[in-house]
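Each of the next two complexes has chain A plus one other chain: chain B in the first, chain C in the second.
Let's turn to the complex of A and B:
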């Protein structure tokens, strides 16, 4: 390995053949996260192919994902608002590494999409698809591509990705 | 209208699992400590002459004065029961058929936490002497489990 650095380096081989002692273990972190009132409704909306926001009459703001309390005035939100499944790319990233740190040639394109019907600069994070990475632009108009209705399960992944649409 | 009711048809919770794999290497002093257990059935500590303190398990550095420690001492295989607890429940929450005892046994100025086999748990008291029972040589792997358990050697036993 490397003698260029101080310390004692270890190689995979030394560990595999037992030259260096080690203990290995696997833990399974199972969790259940309570969706609460508003996010539960939001996830239920995906099943019907609808993206829901919530509206505060006092602040005249529509936020997405919906909350049941307004984060500006702390009043209860007034109602759920079905938003469009279209929007504008607020920001994006070209990601050449997967969540479990594997290199990939074709990048994933996570993006924040400001949804039509929500207040300005209110959007959700999702992926872009059907687009060349070098063609992605901030301000680009996009639309959700949904799973077939029968396969939806009330999850953010019921939207497969957002794809560019003509202005 | 306010949004105070759950939609009964909405997903109540989101379930997932996070796989967490880990690998621990013992380090320079730990490696030698566990090799001594595995190969010689001996518990080794390191002595800091500056602090007059014997670390068990062996440490490469003194955590009091930061001296590098290279004076290795055999601290024997018997020690005092410093504290203990009786376990009645398994990892999966099921009750144990027979309670197990886990104790901290003083060795040098440190010690080890391990299983302590006692015939009659209600007679166990702090201050009793316990000794290590090692696994057979060919079953040892250079792990803390190379120590099968501690057992009492004091006269008050039973």
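Let's turn to the complex of A and C:
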């Protein structure tokens, strides 16, 4: 193995002060994603304050978000089932960095929530709220806090967050 | 199956750095030249080129395969870029392997490149697009979320503490102090340093994570009859495996990487390995986060579920332990230019099995090693087993 490795390390400063030339640019990407069949139903459910899963009659599994093909048996899934808007915290994090790497003092609390009515270990990613970060526990029972019906637009954000409830 | 034996006959790499002066093309060329020089071949001897590189979003260049092709020596040759997220670096040698094993080519160059610094000032935001655009991205997720969520679930399921996990970061960063290409080698680092580093997304602290980096790695593969003419120390590819789990990541067991087990079983079967814990002498599992090394050792069936932390605590996975893990320094220590980091693990095994790893050399004349990577939305496993 060679002991002389190529590659030249630069510092951020050399870019900032122009010692090393750089070209800076922004890429604009505007998209309109139509929601498809299964997710379309899922989002329409949010408008009504309902979380929908889909059920495979062959595998007897209820999955969420719903989909129109079962990934286990590859048969069509056409049964959409309303799940509870309650569930259990499968796991969570206390995140002090935003998606674009800004530091925040009060953490966001992303979580995977196993929804009541879905098969075991089947949940969705969302956030927790109305709770002190140091009080969040795996296994905690939580319920969706919805936007007022008139403000819902058929989006995952129609659920503002999940909050702890008494067992 | 009738397949030809395939050997690794040469390897090279650049330094892994936070920001390289060189472009991705230039890094690819540097690593390739090192690999060719190491086995006294020239580009004229190369019949086909396999390139691995991760998301185009980092570079802001569409179709990176074409963009990097001159640096990778691909022009006028059969050439293809493969991409399976973080698993790419251990997938691209598999792609090279079947090019040769199939009988289609005798000598193939495998190049893995990543230049993450072009996404300015920080590559993190590029990762937003891995989340589902309709059901997840409106929540403004950070890439750290997914790892923090998995790490917490792993800790809770088996009663593992943050300091149990921090030992992995300490081991790998100390190992990397002996790697001349390393970005984050630190012979003095302690568990307290890791635990006291900034909390990014509890339970993940800054030193639990490998840094974004730039770098490239290349290896040369040859069919048996050619390999024996090129070198008297060929390192044979004995088994390969890859597997994909559900992309609905909130619908699976986050405490256990089933996709790694499936990939490992495929590779063990091919290599004729019945007792991996006895027959694998060096392990280079994918360690972008310290808990992932433990998670992956369990998926590779090299530790019982929830028991990998004990191997670290007992020193078994140290460089001079019974089963050295990441003697290179891994992603946590050498750096994490995604695809290049995975292929670095294969190159490390090549050097270790030829006893050319210098200060990093594992004692006891190891005969067989395993490299593994993982990626996509945390659900692809790629495994390569090599032996001498």
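Heads up, the rule we're going with is that the second predicted complex is superposed on the first by the 142 of 167 C-alpha atoms of A that agree within 3 Å, B and C clash if a C-alpha of one lies under 4 Å from a C-alpha of the other, contacts with A are read in each partner's own complex, and residues count from 1 in each chain.
The rule is short, and it goes like this: a residue touches a chain if its C-beta (ideal position, glycine included) is under 8 Å from a C-beta of that chain, and two chains touch if they have at least 3 such contacts.
A quick note: this is a predicted structure, and the numbers were derived from the prediction, not measured.
J.: So in the superposed three-chain picture, is A:33 touching just chain B, just chain C, both, or none of them (first/second/both/neither)?
T.: Both partners, chain B and chain C.
J.: With the two structures laid over each other on chain A, which partner does A:8 touch: chain B (first), chain C (second), both, or neither?
T.: It touches chain B and chain C both.
J.: Is A:66 contacted by the first partner chain B, the second partner chain C, both or neither?
T.: first
J.: I'd like to know which partner A:54 touches here: chain B for first, chain C for second, both or neither.
T.: first
J.: Figure out whether A:25 sits in contact with chain B (first) or chain C (second), or with both, or with neither.
T.: In the superposed model, A:25 contacts both chain B and chain C.
J.: So, A:107: does it touch chain B (first), chain C (second), both, or neither?
T.: Touch status of A:107: second partner only.
J.: Would you sort A:135 into first (chain B), second (chain C), both or neither based on which partner it touches?
T.: A:135 contacts neither chain B nor chain C.
J.: Which one hits more chain A residues, chain B or chain C?
T.: Of chain B and chain C, more residues of chain A lie in contact with C.
J.: With the two structures laid over each other on chain A, which partner does A:79 touch: chain B (first), chain C (second), both, or neither?
T.: In the superposition, A:79 contacts chain B only.
J.: Looking at A:123 after the superposition, I want to know if it touches chain B, chain C, both of them or none. Which is it: first, second, both, neither?
T.: So A:123 only meets chain C here.
J.: Show which residues of chain A both chain B and chain C reach, each in its own complex.
T.: After superposing on chain A, chain A residues 8, 10, 15, 20, 22, 24-25, 27, 31, 33, 35, 43, 155 contact both chain B and chain C.
J.: Considering only the defined contacts, which chain A positions touch chain B in the complex?
T.: 8, 10, 15, 18, 20-35, 37-38, 40-41, 43-44, 54, 66, 68, 76-80, 154-155
J.: Which residues of chain C touch chain A in the complex?
T.: On the chain C side, the touching residues are 11-22, 27, 30-31, 33-34, 37-38, 60, 120-122, 124-125, 128, 133-136, 138-142, 144-145, 148-150, 152-153, 156, 180-181, 198-204, 214-215, 246, 248, 250-254, 351, 356-358.
J.: Under the stated contact criterion, what part of chain B meets chain A in this complex?
T.: Residues 1-7, 9-26, 28, 30-31, 34-35, 142-143.
J.: Quick one: in the complex, what on chain A touches chain C?
T.: Residue list for chain A touching chain C: 1-3, 5-12, 15, 20, 22, 24-25, 27, 31, 33, 35, 39, 42-43, 63-65, 67, 71, 90-101, 107, 110-112, 121-127, 138, 155-157.
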